[in-house]
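As written, the chains take the letters A, B, C and D, and residue 1 is the first residue of each chain.
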Amino acid sequence: MEVKILSEHYDKPSYKSLDGYKELGGYEDLAKALKMDPKQIVEDVKASGLRGRGGAGFPTGVKWGFLPENGEPRYLLCNADEGEPGTFKDRLMMEAAPHQLIEGMIISAFAIKSHKSYIYIRGEYNDSIRSLEKALAEAYKDGLLGKNILGSGFDHDMDIYVGAGAYICGEETAMISSLEGLKGQPKLKPPFPAIEGYLGKPTIVNNVESLASVKYIIRDGVEGYRKHGTEKSAGTKLFSVSGNVVKPGNYEIALGTSMKTLIMDIAGGMKPGRKLKAVIPGGSSTPILTADEAMSANMDYESIASFGSFLGSGAVIVLDDSNCMVDMLGILMHFYHHESCGQCTPCREGTGWLNKVVHAILKGEAREKDLELINGISNHMMGKTICALSDAAAMPALSFLQKFRDEFEYFIKEGQSKVRGVGYAQMHH
Amino acid sequence: MFKLSPAGEEFVKKELTRYETKRSAIIPCLFKVQEENKGWVSPEAVTYLSGLMDLPEAWVNEVLNFYTMFNKEPVGKLHVQVCCNISCCMNGARELTKHLKDTFNVKEGEVSADGNVTITRVECLGSCGTAPMMQVNDNYYENLTHESAVKTIKELM
Amino acid sequence: MSKVPQPSELSNWYLPGILKGLGYTFTNMVKNILNPKKMSTLNYPEEKYKYSARFKGNHILTVKKDGSLRCTACMLCATNCPAQCISITASEHEDPTVEKYPINYEIDILRCVFCGFCEEACPVDAIRMGPEWQTPGLAGADFHYDIKKLAYRANLKGGIQSSVDDKERHEAGI
Amino acid sequence: MPKCTINGKEVEVKEGATIIEAFKTMSEDIAHYCWHPGLSIAGVCRLCMVDVEGARGPQIACNTVVKDGMVITNQSEQIKDIVRWGMDFHLINHPLDCPICDQAGECGLQEQYMKFGQYDPEMNQQKVKKRKVVDLGERVVLDSERCILCSRCVRFTDEVSKTNELGIFNRGDRSEVGTFKDKPLNNKYSINTVDICPVGALTSKDFRFRQRVWYLKNDDTVCNGCSTGCNVKAYFNEEGLFRVKPVYNEEVNGHWMCDDGRDIYKYVNKEHRLLKAKNNSGSQWSELTAGKAMQELHNSLFAEIKAAPEKTGVVLTGQYTNEEYQAVFATLKELGVTQAFHWNDTDSDDFDGLLIRGDKNPNTKGLQNAASAFGALKSVADAEAAIASGSLETVMVLAPENIAVYSNYDKTFAALSKAKNFVWFGANKTECFETTNSSNTWMIPIKSFVEKSGTFTNHAGLDQTFNYVTTVVAGALTMSEAMTLFKGETLEFDLRAKPMTSMKNNHFTLNRGEL
């Protein structure tokens, strides 16, 4: 069942404005947090078990703990460059509750003693940009940002940086590069951003949802927050359900809820007459699950991992029996080829190569051994590059091929889709 | 020769000091140039901007060419971008693009004869739950049908 | 191991040997007069032997469809040449897909040992060894074959084309 | 000083050294393209993968700092497999135009593919097409298809020359190195980008298509282009010199050299050289060998000078070796000549902050040092005045070798040749040689810097000794030899046979440089 914590008031238009937000308990937790010891907040976040909601699922508190004891200035960056196909939760959060994010960010900044933060937001999200700009102006006007916030002596400035269309900028070091005015290419690690990030200063990059959740850890306390979710995957999370379901949309559920509930009940189930074929559980980069696997999985990090996939950003893409897997993989490979930043050779060349091979299959020009080639390319892209984009391209290729090999073989042999019975021209127009 | 309006130049000067490094201002300034240069950034505009910002042309050009939201070619008055990623394709985005291209008689990425429309296919725009969708200039239009998409574009013309 | 046959006793008497030899000559003369087609010699230079197309004779530089040289001046033939008889001067071509071409290609045919290594080294089938083998000349300069002679001598009728076309190769992305 | 074990051998490296540096100190093979010791770490070619014991997976050697006790290998099957595929990734969009590529023979892709490659390529799709033969600037040509985007050149213009002309535009496999149209690659160090390019993407217009590299041999010498004295490699064969590349020397030039220095070989080649000694003691030029000329000079002038040394002067330029200066000053002492003049048209202290210095003579400091024992050097203007007034009758000139930097060359030649006896020691010839104002002119061909061994003292006082590289003009002498002959002594030749170095042979397999 849906558990509305973050999204409790998302349906109320008044929640967007500062007044409406304050009426519904907004900024109370900020006042509470500013009275706390920053170290205690970090400890609380650690104890809450909050894990990064952007995709990697790295514990937020642990990340904060990597910051050097001293070292000024330090930056907090909010990763609002939501580009993973299938994900649209951050957009909802920024449009429906901009102040919720701002409050979460001020608390987080206070905890890590940062005096400057940026919200890096993808340029296509014009509504979110407008909504956040308005909210920031309101917050500055109300003294919630700037010097001496709420009389606590804590200073903090927040600004928005608008991206210009690059999926890779969702990677934290690429985002830092982009913010520095370079091309959005990931930087070598080590040094990690917590040590040397934006302009060589310690920097923490967190997802919108992670930062907003901090507010609720302060509000409910560690115990209260851990009430939902499982031992290792605590709290609730927004899931973006899309694809062939009756009611696609964002749904907040406690981690650990079964995928069956999410898809079949909450999202309205399959369209009439259709059968579930496969589910991509965490955005297009994560390995695909077959219908059987999906129906027995729970929506938490561990359960999904036990099926060899990842919870990722929580973008559940549902495929039914009308979807040709070769076609779907072609779309994904085109996407990664388009978005590879071109820095590391295995990714730059590998994504292009994969795209060519998959499209050769679609066009009926492939050889039998090209399936092995896809495996070879993918395996040699995984973990060989600076960032995870090459893994993100390789994982779907590997899993599609492993789980739906018959469709690929049929396509190579017959030159048309096994599911749809048509060739490339009819599918791609 | 392209030149920003006085307000635009003022904007560039402000952006140059807004961030910790001057280089950070490249993206916002390019957006400004694109806005004032009929929706695209010409090579002359890059020369002009790099002179105005006092940064090497190569830096500006690198940023310009890296990001997809900057148009390196002229676009129509309405820049229609249809998301053709996985969720949208499942819901008929490719068919929609074809329908739009046929209706407005324009090839992908090119400006229509009357200079009104450019239709491009783009990657995920974060509107997967309301697929298929399109972005016309700055705004999203979601849950489209062939008819509603055409109607929307015609109304905007 | 072959053994040299020892002269027999009979050969000490010279006359039988001379007669035997004359016998051969006369038999063959009569044979040849009666059946000139079976003659195993040629009336050179009035008659010339026709060698197989694969004979490694004088070099030919092949040309493209437009009649220009296929040679890219990579110097692999010159590098590979054991007699060091090939000298090439390369230059920049105005067409960027061609990029490099020889403005001078010379073979010192008197130094050439006709080994065919140049043919084998060539990556673009630009040099071949043809069936011609006569290399007469009156002065030293006649034995330095230049592009005009190598690619466009009269009996090549405007040049030999290779079966592979550069442009097609380029478009195919090879 | 951390110790680590590389491929089973223990090695001690500097604090903070990376694994790839450790490999280099041990001369162990490791595949790499983007790493260059003179540039920042990019970590993008992903070929220098190594297994570090205890690490999560394969690491790149260029961005991993050696820690004490690390056990590193790149010989495991897994690493070899990764490198094989890494090579394939580099090559799938690389055109097979080695025959026309100028880099062939010294190409990083060729070399490393032979060592590490997967000989059975898998790619059978169409390659990405990019621009070919792009004019980047005055000296460099780009072929985008050949580029493997290692970003060395971009980092060079960002970090070393700090001119920022180059960038990598677009993304993914559409990425292309390039300049922005209005700003070509015209900095004073641009050919360094050609040197560091591991493939044939950047080629030098000057060297392009003139020789295949395997016809060239090379040897180390010191650049005579300015007082910095960069360490260089001259590339030559029996047709002459073809190019000059920098050699690493931390004290002097690091990894780089300037574009002007690349032209120094041009004055050395035969067409610019004085090939034989020339004499004009009436109205007719006669040619003779240098040795014969020096002998005749000894016979006609030596005694005359010794009798009246005050009427003789020597004009010196800072382009000769210390050894030669010593020989010259020793002869002068013997003759009793006291007048020495310094000719330098580029007397300035300019420095561009990287390598280029205003004083375009390689050995001004050496000349000054040698002269300090002899007495003060007067300027060449004094010599001209003395000749005009008739107080100087015999002039010997040690003419500059690199004449391009001598802006008053012709004028000075005309003024000095007014002397009654005019002896010109020089390596080059120019048009001004046709007319002389002297009644007794001698021109002696001198060896250029690549043809002799000696020492240059650079601007900082560093003595740099260099060795004979090759012979271009067989009949030329060094100043030391000329002075010996002038004194009437005979030259001693080393009669031991030297290895013949002028055959145009396939040397590239033996002389491949470091990548």
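By our rule, a residue touches a chain if its C-beta (ideal position, glycine included) is under 8 Å from a C-beta of that chain, and two chains touch if they have at least 3 such contacts.
It should be emphasised that the depicted structure is a prediction, and the values quoted were computed from it without experimental measurement.
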Fill in: Result of counting contacting C-beta pairs for A-D and C-D, higher pair
A-D
Discussion item. Centroid of subunit C to centroid of subunit D, CA atoms only: how many Å?
Written reply: 45
Worksheet item: Hey, how far is the Cα centre of subunit A from the one of subunit D, in Å?
Response: 55
Response to the item:
Rounded to the nearest Å, the gap between Cα centres of subunit B and subunit C is 65
Discussion item. I'd like the Å distance between the centres of subunit B and subunit D, where a centre is the mean of that chain's Cα atoms.
Written reply: 51
Worksheet item: Using the touch rule from the top of the page, what residues of subunit B touch 2 or more other chains?
Response: 59, 62, 66
Response to the item:
Going by residue number, subunit A touches two or more other chains at 166, 183, 338-339, 341
Practice prompt. Chain touch graph shape: choose line, ring, star, complete or other and state it.
Written response: other
Fill in: subunit C to subunit D touching residues, read off their complex
72-76, 79, 84, 90-92, 96-97, 99-100, 123-124, 172-174
Worksheet, complete the sentence: Interface with subunit A, subunit B side, in the complex: residues 18-28, 30-31, 59, 62-63, 66-70, 84-87, 89-91, 94-95, 97-98, 123-131, 135, 138-140
Item to complete: Quick one: which bits of subunit D touch subunit A in the complex? Just the residue numbers, please.
Response: 41-47, 49, 57-58, 63, 81-82, 85-86, 89-90, 92-93, 122-126, 128, 148-149, 168, 170-175
Worksheet item: If you look only at subunit D, which of its residues touch subunit C in the complex?
Response: 96-100, 104, 126-127, 129, 131-133, 208-210, 212, 214-215, 504, 506
Fill in: Footprint of subunit B on subunit D - complex, ascending
163-171, 179-183
